[in-house]
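Next come two complexes built around chain A: one with chain B, the other with chain C.
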Partner chain A sequence: MSRRERLVRKILGTATLCAAALPLSILIFMLILARPLLSSFSVSDLLTGSWAPLQGRYGILPMMVASFLLASCSLAVSFPVSLGCAGLIFGLTPPMLAVPLRRLVQLMTGFPTVVYGFVGVFLLVPTVRHLFHAGSGRCLLSALVPLSLMITPTMTLFFSDAFAAVPRPILLAAAAAGADPVQRFVWVVIPSARRGLAAGLVLSFGRALGDTLIALMLAGNAAQVPSGFLESARTLTAHIALVIAADLQSLEFASIFLCGMVLYVLTSCAALCAWKMRAATRKNSR
Partner chain B sequence: MKRIWPWAVRCGCYAAGLWIVSGAAGVVGFVAWRGLPHLNAQLLFGDVSARDALFGGVPVFDGLWPAVLGTVALVTGAVALAAPLGLATGIYLAEFSRGRLKEVLTVFFDVLAGIPSVVVGLFGFSVSLLLHKLVSPRLGPCLLVAAFSLMILVLPYVIRATQSALEEVPQEVRLTALSLGADRVQNLVWVLLPHSLQGIASGLLLAVGRCAEDTAVILLTGVVVTAGVPRSVLDPFEALPFYIYYISTQYGSTEELERGFAAALILLGVSVSLFALAYAVRRAVGSWALYRA
Partner chain C sequence: MAYRRGFLFICVLSCILAVTTGVHAGGYDAFKGLEGTLRISGGTAHIPVMKALAREVMTRYPAIRITIAGGGSGVGIKQVGEGLVDIGNSGRRPTDQEISAYGLRLHRWAVDGVAAVVHPENPVRSLTSRQVQDIFAGRVTNWKEVGGPDRAIHVFTRDEASGTRHVFWKKALGKGAIRKDADVVPSNGAMKTAVATDPAAIGYISVGYVDETVQALALDGVEPSLENVRSGRYPVARGLYSNTKGQPSALAQAFLDLLFAPEGRRIIASKGYIPADR
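Our next item is the complex of A and B:
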């Protein structure tokens, strides 16, 4: 090994170390800044209590429920849609339609979230208000539609990749056995891509959970446990964006770091799960 | 019964395709319908003439010009920070690490890629608190902190693009220069990097697009409604996505609302063209590039 190579190696290694320190330091910062809250309340109280800062209650349960509800419902909407779109791209429709569809889905991944929110505010919110007579019209339902639309393209691309990774011999064998395209898709492609599908689902859940702007602009931001889809709700992410302007010394301010920690832990669990699943797929295909 | 279900599956798939197409058409159509008529020079510069604003240093008060410049400055800063670090890390992962270490590091960057942008913004905000306390009380959320936070946000893109581009270099290409007597550094600089330039460029374009559209990070790290054209990296700044968000929460007049629609149209256009360019540069960009909020 020449001296130059050692030097290059050292420089690149240092850069890698710096980059790898980032996710850790984010977690540490959250922990330190949430400490005032963690030292005066027990964690279980904080995670299951209600939010009433004027009465000295800093529980983040309402925000957690809203985040979960919004993310899982938008996933429930966009999972079948993505599966259908990925099926079309995979070959249930002639290439004349499939190729433009794939292009469109790719371009849609570039739509800014703030534009989804903006369109939601001026198009969806008035519609919801008129159709359901739901107060201001800013409610879970108004946030659900754009959010599911936002996560669908990425999920579709992920599913398409998983379908494309299905070994060709299996498909040919199924075709030789007399299966038509739909039968192949349902009985061969989907089962053999199931790990990839699960990984895409988990990652999309993380994305839906982490979205800020759509929830902030459309969900209404009332800090209460929502009892229906026409109720106003505040997600963890929106809570962070709303409370950031509070007094820096207050416990209210410390609570946003707790929210940040919850989000951090959930999304990194999602990333780890997805990685595990993909690692298993790679091992199987070898 | 046997006849019906394949037909139903096909119909379901077409319905899904129709839903996504109409969703995209709805978003683009609505923004274009309301924004297109107001897309003119007055939108950018307000009552000041374009020449005065560009070359005369006349401040623009009722136009998008400061916000556009703020976004440009922000993107430049963030990508200038992310590119060297991301390239170095990607090269190290692809060429100099293997086995357990590589696996652990890859997982680290997967986790980093999954962290919601608002949490990254919160981190940036706490860094600015730290600077305020330790360095100078004059420091606070500013352009530099925002660019640093955006750097964290897009770093995984650059790393993954670099790493996978390098790993996809065919074995024959990899071995040719080595067999002619080049050492590993020469091979890297003269063969491997030029060969994977397309992949790296596409990753950088995606990073630029993500920086330009992200709102949650800058919301927490120093964006304000009126700051004028950015003059120093230690000042607060204006940005296009934040302007759009701000207009949606409070607009004083129809004029402002129209400007908001035009701004949304501009941002949508810029973002989509950056992504289109990234895909055109590298046809095979798949899901690896995109999992992040």
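Our next item is the complex of A and C:
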């Protein structure tokens, strides 16, 4: 190895190390800032308790449940839609339709979430209120619809990239064996794009979990464990946005770092799952 | 994160109009020769006055830029304390701990009432303190129990760091409970939107925000009018504070002086607040 190569290697190694250290240091930073809270309450109390700061209760269970519920349900809603859209873009429909669809999806990924929030406040919330007689109409359902709409384009783009990466010879072989376009899509393209699908799912989950404005504007923000989709609920991100104004020294303020840690762990878990899944598929294909 | 909370109000007023030479009103003279940017953030109740004053100043002195952000009282105190803004507004008096930790100087320039508000279609115009407490605690859940239509009451409240919530909770609710399933909104503006779009809603906002889209309720028969807030007959009131960290800059000082000058007081009164003496 030449001297130059060694130098490049060193520089790249340092960069990698820094990149890896950064998320870790964020976790440590959050841990330190949450310490006032962690030293006066046990972690299990905080993770399973209710939120009533005036009575000295700083549990974040309601927010965790709401975040997880909202993110996974929006994933469940947008997964089939995205799969369908990506299929159409991939070639289940003539290019005359596929190309504009792809453009539309690309355009939609750039929509700021506050637009969805505003439309939701003035259109969706009154509709939900009238249709379901659901309190004020600010509830999980009202947040779920725009949130699903928001992550669908991202997921679709990921899926169509994954489909486009499927090697052509496989498709040709399938066509030669007599498979029509739909059969090829279902039995050849989707299985071979599994990795890309998993990556798209994880990233969309992260996006749904991390979005603040839609939930803050539409979900109602009551700090209670929601018992249904028509109940007001507060997500972890909305909780952070609401509590950030609290006194810097207060325990409420410390609790937002606990929320940050939970969000961090949840997204890491999702990424790990995807990684595991990828490793498993690789083993199978060997 | 603060910008997310105050997104409704983050309005960088960059409308720089033609220079009007030779016209100088009294309170605005102090800005003569000054330039630069004045950053203001915090309490959302202050924003109507801050915006109107900023427009006046920037029209007269184009070299001055004034940016106004929301965020709530807690954010205002925190940001001015950490030097992120020049003036931090709060709808409550900063705690003694905050004052000493940050070396804050308080400027209380107006008195503001906090009124319970409902949708204009709601026929209810007055509630007793007891009824308000029962509604917010969840003991009364239908408008018909307080003389309104047969409709479930939708309670809206603010987050725990809100100065508006603090004064309403202390002086109207008697530090009573607020029902757990009440919807929480992050600012005075968001509260007005929420109540204005929901015929069964009840919430509370700074009197300066009350307009024809929401109906302010009389409390124990006392209207939250300017006269009643000034005389103290309407009890749910608080001071509006603008805080600086130590000695304010020349620009911040000129702006604070303007709040106490006749021109400033006129604007404060026109926005529905009661100007206070220094």
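Methods note: the second predicted complex is superposed on the first by the 242 of 286 C-alpha atoms of A that agree within 3 Å, B and C clash if a C-alpha of one lies under 4 Å from a C-alpha of the other, contacts with A are read in each partner's own complex, and residues count from 1 in each chain.
Throughout what follows, contacts are C-beta pairs under 8 Å (C-beta built on N, C-alpha and C of every residue); 3 or more make two chains touch, one makes a residue touch a chain.
No experiment lies behind these values; they were computed from the predicted model shown.
S.K.: Could you figure out whether chain B or chain C reaches more residues of chain A?
M.R.: Residues of chain A touched, chain B against chain C: more for B.
S.K.: Tell me which partner A:Phe122 touches in the superposition: chain B (first), chain C (second), both or neither.
M.R.: After superposition on chain A, A:Phe122 lies in contact with both partners, chain B and chain C.
S.K.: Given the touch rule stated above, what does A:Gly220 touch, chain B (first), chain C (second), both, or neither?
M.R.: second
S.K.: In the superposed arrangement, does A:Arg138 touch chain B (first), chain C (second), both or neither?
M.R.: second
S.K.: Regarding the shared-chain residue A:Ser232, is it in contact with chain B (first), chain C (second), both, or neither?
M.R.: second
S.K.: Regarding the shared-chain residue A:Thr212, is it in contact with chain B (first), chain C (second), both, or neither?
M.R.: After superposition on chain A, A:Thr212 lies in contact with both partners, chain B and chain C.
S.K.: Would you check which partner chain A:Leu12 touches, where first means chain B only, second means chain C only, and both and neither mean what they say?
M.R.: A:Leu12 contacts chain B only, not chain C.
S.K.: Once the structures are superposed on A, label A:Val114 by its partner contacts, choosing first (chain B), second (chain C), both or neither.
M.R.: Both: A:Val114 reaches chain B and chain C.
S.K.: Quick check on the superposed pair: does A:Val105 touch chain B, chain C, both, or neither? Answer first, second, both or neither.
M.R.: first
S.K.: Quick one: is A:Ile244 in contact with chain B, with chain C, with both, or with neither? Answer first, second, both or neither.
M.R.: It touches chain B and chain C both.
S.K.: Kindly list the residues of chain A that each of chain B and chain C touches, one partner per complex.
M.R.: On chain A, the residues that contact chain B in one structure and chain C in the other are 114, 121-122, 212-213, 217, 240-241, 244, 248.
S.K.: Which chain C residues qualify as touching chain A in the complex?
M.R.: Listed in rising order, the residues of chain C that touch chain A are 1-2, 4-5, 7, 71-75, 77-78, 81, 95, 97-98, 101, 152, 154, 156, 159-162, 180-186, 190, 193-194, 197-198, 200-201.
S.K.: Please give the residue numbers of chain A that touch chain B in the complex, ascending.
M.R.: Spelled out, the residues of chain A in touch with chain B are 2, 4-5, 8-9, 11-13, 15-16, 18-20, 22-23, 25-26, 29-30, 33, 80-85, 87-88, 92-93, 97, 101, 104-119, 121-123, 149, 152-154, 156-158, 160-161, 180, 182-183, 185-186, 200, 203-204, 206-213, 217, 237, 240-241, 244, 248, 256-257, 260, 263-264, 267-268, 270-272, 274-275.
S.K.: Spell out the part of chain B that touches chain A in their complex, as residue ranges.
M.R.: For this pair, the touching residues of chain B are 6, 9-10, 12-17, 19-21, 23-24, 26-27, 30-31, 34, 84-86, 88-89, 91-93, 96-97, 105-123, 125-127, 129, 152, 155, 159, 183-185, 188, 209, 212-213, 215-216, 219-220, 241, 244-245, 247-249, 260-261, 264, 267-268, 271-272, 274-276, 279, 285-287, 290-293.
S.K.: Would you pull the chain A residues touching chain C in the complex into a rising list?
M.R.: Going through chain A, the ones touching chain C are 52-54, 114, 121-122, 125-126, 129, 135-138, 212-213, 216-217, 220-224, 231-232, 234, 240-249, 252.
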